[in-house]
């Protein structure tokens, strides 16, 4: 079973050279720490920066320089700043090759819900609706089940949607799942996790091949 | 064209109960602190505020939520503001939540004389309810309409007496589009310079979009999430 | 009767303090030379500059700094440069208070034609269609008649239109005409020009008041 | 992300007969001179060119008209090019004339994933034929669709190895929007600097929009209308 870091490491393996990448708040943010050797990618944050670097050294924080999670950041050489309209022009115009974001629920046709629990909680969609509606390549990073132990990998989402038929891949603490033809496909299992456990914790239709390799981290 | 006003009081003359205001900023980054403080002082009521979010409970637009001066918020994110979420869930506050990119583009459209445009964002979600859907390039898009405001209140790093603005880093965010979309646009700046001091090649918001400019008295520039790394 | 300079001078009287103004190619460009004392206006050129100044001194021309007529220019202090999308955002978004442009024909409901003579001549509309469709305040600067002696002030335009019901005022070598309620209204006559001459050279419906003042230039 | 290519030959690899090209510039100002010269050399045919105008008879895109490499022009202005007007009137050249502001916005829309938008420009004229009309704010608007291109070829003043671009004065014009709208965007620059040399606050076109960048060998920068005043 993976911890959050493990999920981030696994997703980092999906990075391809030359990609511009948008990382959501939470686990996705950690992906930036595990870029495979020999791979060069550039991180976009939808509040208006391209070329994000690591967090600043203590005492060097700049209130004017944050990411979409409102965290203080730095930028690399070759970075650029721009307004929110231009930022979403990049996203909507498919200039960003990969989006990684968290979710409350994902369905087997690729729907995603991550912004609202009616009557209880409203975070707002922020840039998530633009991101999922635009990117060709969307990976969800999340836990397989919610705190009540219910599967978040569903036949159909029960919460208000963020986007429809957009998620291509889900990486959880248990498995890597691909979504195609209206089903989840089990691609890899986390170290020490059995296929049976994954099957039992997945509510949506899951295609399980004869051999399911263990992740190599 | 001289756009200079003396202070925040003069800058906000004409803001009245029931008006629609655009307020620049993302989180606490790039927000017009001095104007927000003045709005609290003025006590203007029943405002509709267009702003990506509402700061935190005790800073940024959160201040106007605490004083119940806001009737309606048009935003993309509630996240870091408990009072915002509470007022919304209890029904005290009308809230129109829209995708961040659509919000940015709708402001730009409002300033650019484009009354409506198609975007894929929000298709198949609550956001699309009642909106026209059309397929382009094999993908469904929804029709979104422009936003404008009685006043747009923005914050820039540098500005000149002609209203030209330069923003710093990610404090730019929504400020340039909102500056375009205000019937009256007010800019508060950290540094005010005479016309001719800013490089005309590097002005983010040309003065034509700004009606009033003043130097903000004090900028706290609070940091919302102070994340750092250790020196190795 | 006015010459081109006179037409420009008369139009310059329309300028109001604080206006942003777009001047078309030809006679309109000359308006910038006759800004009344005490009036401050700023000139926008749709290729992407605000705050145009006079022509450069000989030897100081910059190929990268031109107006929409492709003429070398200079800029004043406080000028700014921007891309064509932003430039037309200013125009379409009605941030420019006055547009002055030339025309081949104007009709009594405010239609204007100035970009094409079918089969004979095509200049293209350039920014003119955006300008006339957007601005609240459009003044046409032109000669009252064409080279064949035919009136250009018409009941209906015969050439392909640039815009409909948009022109508010026409200044020619003979007269100032206002357009309202679907008719031309004679507001002023040029020095030494009789009402009869104006009437005879105007094909469109013309409302002539009892007293028609002479222009004061 | 390194976008640097050796020269114009490498920059234009993949340009083929029948493709759609966007070419930056307004008149002769801010045009990609080196790339145009290379296109003449390559002899690529049946091109659709999206460009505000077509330079003059013997410079700028006019060169590609002379060699009859262009099948169709999408432009707003013909004005200063006699050969352009001649080919259009004789029917040798297909021409789609559209308002300058709509052209700029349609390029931006193509790059920004906005498939269509409403604009008042062209309502009631030939331009509106076959286009949907809708009333907003009491005024008729027409629906215009986005433009994209197989290659967008732009010219900047300065650029860095990551493809970030800075334009000078009115040589900016259509270049930034076209850079957004190309499947492959090629930028030729007068001055090429290493990444980190350009101020990230003042980049006009972020490198994400540019796939290939090179330093142009020679820029003639011809002036179309040399207007001057006498020293007093």
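Note that the chains take the letters A, B, C and D in the order they are written out, and that residue 1 is the start of every chain.
Simple rule for what comes next: contacts are C-beta pairs under 8 Å (C-beta built on N, C-alpha and C of every residue); 3 or more make two chains touch, one makes a residue touch a chain.
Fair warning: this is a prediction, and the values are worked out from it, not measured in the lab.
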Original post:
Out of curiosity, which chains are bumping into both chain A and chain D?
Top reply: B
Subject >> B-C against C-D, pair bridged by the larger set of C-beta contacts >> reply: C-D
Original post:
Of all the other chains, whose mean CA position lies farthest from chain D?
Top reply: A
Original post:
Taking each chain's centre as the mean of its CA atoms, how far is chain A from chain C in angstrom?
Top reply: 55
Original post:
How many Å are there between the centre of chain B and the centre of chain C, using C-alpha atoms for each centre?
Top reply: 36
**OP:** Indicate the whole-number Å distance between the mean C-alpha point of chain A and the mean C-alpha point of chain B.
**Re:** 28
Original post:
chain D: which residues touch two or more other chains?
Top reply: 105, 108, 112-114, 119-120, 167-169, 200-201
**OP:** Indicate the residues of chain C shared as contacts by at least two other chains.
**Re:** 75, 81-82, 85, 88, 91-92, 134
**OP:** Counting only chain pairs that touch, give me the topology of the graph as line, ring, star, complete or other.
**Re:** other
Subject >> Pairs of chains in contact (touch as defined earlier), listed by label >> reply: A-B, A-D, B-C, B-D, C-D
Subject >> Touch list for chain C against partner chain B, complex >> reply: 18, 20, 40-42, 44, 50-51, 75, 77-82, 85-86, 88-96, 134
**OP:** Show which residues of chain A lie in contact with chain B when the two form their complex.
**Re:** 45-49, 54-67, 69-73, 75, 81-85, 87-88, 91-92, 111, 116, 119-130, 133-134, 160-165
Original post:
Any idea which chain B residues touch chain A in the complex?
Top reply: 26-30, 52-53, 75-80, 85, 88-89, 95, 97-105, 107-108, 119-127, 157, 167-177, 204, 221-231
Original post:
Which chain D residues qualify as touching chain A in the complex?
Top reply: 1-2, 108, 110-114, 160-162, 164, 180, 194-196, 200-201, 203, 206-209
Subject >> Contact footprint of chain B on chain D as seen in their complex >> reply: 105, 109, 112-120, 134, 136-137, 141, 145, 166-169, 199-202
